[in-house]
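Letters A, B and C mark the chains in the order given here, with residues in each chain numbered from 1 onward.
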Amino acid sequence: MEDTMIATLEARLERQRRRPRALAFALRHPVLVAGAALLLAMLALALFAPWIASHDPTEMNVLQRLKPPSAEYLFGTDALGRDIFSRTLHGARVSLLVGVAVALLAALAGILIGTVAGYSRLADALIMRVMDGMMAIPGILLAVALMTLIHASIATVVIAIALPEIPRVVRLVRSLVLTIREQPYIQAAQAMGTRLPLILARHVVPNLLTPLIVQASFICASAMIFEAYLSFLGAGTPPEVPSWGNMMAEGRSVVQLAFGTILYPGLFLGLTVLAVNLVGDGLRDLLDPRIARKL
Amino acid sequence: MNQAHPAPILEVDDLRIAFASPDGIVRAVDGVSWQLFPGEMLGIVGESGCGKSVTAMSVLRLLPGPPAMYASGAIRFRGENLLDATEARMRELRGNAISMIFQDPMTSLNPVLTIGEQIAEVLMLHQGLGRRAAWTRAAEMLDLVGIPDPQRRVCEYPHQFSGGMRQRAMIALALACSPAVLIADEPTTALDVTIQAQIMDLLDRLRREMGTAIVLITHDLGVVAESCDRVVVMYAGNKVEEAAVDELFARPTHPYTRGLLGAMPDLDTPVEAGRRRLAEIPGMVPSLKQAAVGCRFAPRCAYAEAGCHRTVPALAPLAVGHAVACLRAIDILEGAPA
Amino acid sequence: MNARTLAVERAPLLAVENLVKHYPTRRGWRAGPPVKAADGISFDLEEGETLGLVGESGCGKSTAAKTLLRLIEPTAGRIMLEGTDLARLPAHRFRRYRREMQMVFQDPYASLNPRMRAGDIVAEPLRNFGWDNSDGPARVADLFGRVGLPADAMRKYPHEFSGGQRQRLGIARALALRPKLIVCDEPVSALDVSIQAQVINLLEDLQDELKLSYLFVAHDLAVVRHISHRVAVMYLGRIVEIGPVEDIYARPRHPYTRALLSAVPKVGGRGKGERMLLKGDLPSPANPPSGCAFRTRCPFARAECAERAPQLSGDGAHRVACHFADQIA
C-alpha cells in the first residue's frame, strides 16, 4: 500500500522533473505566461513598427481611400488613404508608451506622497483630504479639463491620465506603509539607530514594491483605454499622431464604408489591455505567498 | 492502565502520510500507530514538523486528498476505517462523535455569529434538537466550561470574549454533542500559564464527567506530565517512544526523549547550585524528502553507532506499555555513556 | 557561575525610576480613561546581570521593555543609564545611546527585513554608526561566527533560515554595536524546546564572554528562572514582586507570584492539591480595580486591599507589593 502510494507520487514528480524548467513554470503559472507572451508580441510589433510596416503611417494617398484589405494594404485604408495596418502598428507604440509612462508616474508619485502620509500624522490629514477631493472629480472630466488647458502632446496626455490615478495609489501605499511601519523589523531598525530616511529607503519602500507592481500593471491597462477615450473625444494625443484612439475617432464617420478603420485599432487595443491585465493577475498570484503553490 | 482495557475507541494503524512538494515527496508521517482507549488522555509530543498535527488533522480528514496528499494505513474509529469513509459520513462524525479544538480559538469561531448560535447550530445539526432546546443546552455548556453568567454570554460574539474565555467557548462547542473522542491540538499554547492551568483543569474534569477520550497534541512535556495517562513521542514523522506517563518520565529511553527533557529548564533543581547548562540537541530536524535509510535521529544523536545510520530501528517493547524505537535502547537504560 | 555574587556598592548600569506609559483612549468625542500599560515601574540592573521580567500577556512587560529603548516614548519617569537620563534626551542626542542598548525581538522572522540579505542585516547597525570598509566585513564575519552561523549564511535571505538560525541572526545584529545592555523580548518563546536550549546557552555564553547585562522579558517561568539572577513579576502595569531568583522561586511572597508558579506544569509531578487556581481573567488596564490591582483574583483579598494600593516594600533585595505579605507567607 505504502509502496504504491510513494510510487505514484514519485512517478508524478519524475514526470514533472523531466519537463524543461520553462514548461514547468508555464504549467504552474499559465495566466502569467499567456499574458506575457501576448504582451511581448505587442511590444515587438511596437518596437519594430518602422521595419514591419509597409507604409509611412502618415502618408496620404487620395486615390486609395477606403480600400478593403488587399496584399498591399493588409487591413485596408482609411478615409485619407492611409494604410491601416501601418497605423495600427505605430498606434501600439503610443498606447504602450502612454500605459507604461502613466503607471510609472502614478506609482512614483504614489510612493512619495503615500509614504509621507503614512509616516506623518499632520501631512496625512492634509494629503488625504486633497486626495479625497481629487477622487470626487470624475477622472475623465479632470483629464479633459487638463487637456483643454495645456498644449496637447503625448507628455501632457500622460500627465492628464496619471493625475486622476494618483489618489488611488496614494491610498494603497499609505495603507501598506501603515502596516509595514508596525512590523518588528522596523522597530528593530529604530532600535539599532537607523535614521528615518534610511528606514524608509531600506525597509519600507522595498516591501511596498510587490503589491505596487501588481497595482501598476492594472493602472497601465486602464491608462491605455483612457488614452483611447481621450483621443476619441478629441482631447487626447494630437490628431497627427497615429494613436488607436485617434484612428477610431476618425473612423467613426466612415465605419459603414470601411469597418476596418475601427475594427483593427479596437482589436489591438483590446488584446493589449487583456495582455497587461493577464500579466497583472499572474503577478499577483506569483507574488502572493498566501495562494498556495499548487503542483 | 494496562491489562483491563476494552477495545480502543480510536486506533491509528501504520499511518503514512505523504504529500508532494515541488522539490520532492515529504513523508510527513511515516508509519505511526497508536491506540486511544475510552476515557483516557493520550499525549502526543514532539517539535514542529514532527507530524503530530498532521496525524490529528488526518483523523478528521481535514487534510487535502490526492493528488496533493496521500494517506495509507488505517484510522479506525470504533472499528470503522475513517480513511475509507465517505465525505458525508465524515460530516456526520465531525463535531459530533469526534471533535477537535485548535491552538487559536479565534480562527475556528465564526466572528459574525454569537457563541450561542454557533453551539446551537451544531446541536440542531447533529442531535436534532429544536431551536429553544439547543439554546438552553448552549447556555448549559457555557456554564459547564466555567463561563460566568452564561445566559448573557450566549448572546455575545467571540470578540467580546477574552483569550481564555474563547478557548472555553471552543471547548463548549467541541463538547456540545458529547463526543466520544476529543482531539486537542496545542489547546493552551496561545494562553498564559494561569489560564492554561484553568483550561487543563477543565479538560481533565470534563473527561472524568463525560468520559470523553482525549488526544492532547502538544510540545510541552510539562503539560503532558500533569495531565496525560500515556504519551507518544514523535520525531520526524516517526513514533520514537511510547509509555505510560510515569514510566516515561521515570525511565525516558529514546535519546530524543532524553534530549527534550534535558533541554527543558525546570523549576526544581536548586538555583544555588549555579547555572546548569541546558542540554542541547545539536543540529536541526532532518528533511523528510528522502526515504529514511537509518534512524532519523541518528545525525543528532550522541549515542549513535554505525548501525544507527544504516538500519531503521523498529519499535520494540521495553516493559509493559513502554516501547522504544532505538537500536541502543537497552544500552542506554543500562547507563551506557553518550 | 559566580556572576551571581555581584558587587552591590557600585552604581547600577541602568536605573529605571517610576517609568510610566499611558495610552490615551477615546470614548466618542471625549477622552476616556488612559490605558495604564506601565504604571510606575522601578528597577536597577547591574553590569553582567540578568533581570527577568515575567508576567502574563497584557501585564505591560513588553511595553516596559520597549519604553526603555524609546521604541515607545515614556509618559513619565527616568531611565538612568550610567547617570544619564535617557527619557529626557532629545531624539538626536538619544541616538548615540542606542549603541549601549540593543534589543532581541520575539518573532525572529518578523523582526528581519525579508528583502535584505543576512550579511546586510547584521551590518546595518555598523553602517549606522560609521562603517569602516577595512574593518566592517571582518566584524560581520566575526559576529556570524560568534552566534554559530556559517559564513556562507551571509548571502542568504531570512526565509532561507530555520527559526533558531533566525534568532541567532537577531542576536548577531544586537551584538554588532558592542552594547552593554540587551533587552530580550521573549527571545525564545517562538522556538522549539531543543532550539530554545541552544539559544539560551548562546545568550549565557555571550554574557559570560562580553559581560553583557540582559533585561529578559518572558512569560515562561522556567526559562526565566534558568537565565536570570534577579526576577521582577509584573501584574497590570506594576511590579508586584522583585528579588533574587532563588528567593522569588523558593519563597514567593506575593499571592500572584505564588499562583503563577503553581500554575506551571512540572515534569517532576506534584499533588494536584498544591495548585492555586486563579479565578477569572486579567482586568482591563484601562479600568484597573481600585487599590491593589490583583485583589479581584486574589484568594486572600480583604477590604483594605480595595482601599489602598500596596507599595513595593521589604528589607534588602526581595521586595513585594502586598499589604498582607507577612501574614500569607
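Just a few scattered comments:
Everything below uses one rule, namely that a contact is a pair of C-beta atoms (placed from the backbone, for glycine too) under 8 Å apart; a residue touches a chain by one contact, two chains touch by 3 or more.
In UniProt terms the chains read A = ABC transporter permease; B = ABC transporter ATP-binding protein; C = Dipeptide ABC transporter ATP-binding protein.
All values derive from a computational prediction rather than experimental measurement.
Counting C-beta pairs in contact, the chain pair with the highest total is B-C.
The greatest centre-to-centre distance from chain C, using averaged C-alpha positions, is reached by A.
In whole angstrom, the spacing between the mean C-alpha positions of chain A (ABC transporter permease) and chain C is 50.
Work out the mean CA point of chain B and of chain C, and you get 32 Å between them. For this pair, chain A (ABC transporter permease) with chain B, the centres built from the Cα atoms lie 51 Å apart.
Across the complex, chain B meets chain C through its residues 47-48, 148, 162-165, 192-198, 200-201, 219-223, 225-227, 246, 249, 259-268, 270-272, 274-282, 284.
Residues of chain A (ABC transporter permease) that touch chain B in their complex: 1-2, 5-6, 8-10, 12-13, 16, 293-295.
Looking at the complex, you find that chain A (ABC transporter permease) touches chain C at residues 183-185, 187-195, 198, 202-203, 206-207. Of all the residues in chain B, the ones that touch chain A (ABC transporter permease) in their complex are 16, 18, 20-22, 24-25, 27, 31, 67-68, 70, 72-73, 291. Note for the complex: chain C touches chain B at residues 1, 4, 56-57, 162-164, 192-198, 200-201, 204, 219, 221-223, 225-227, 245-246, 249-250, 259-270, 275, 277-278, 280-282.
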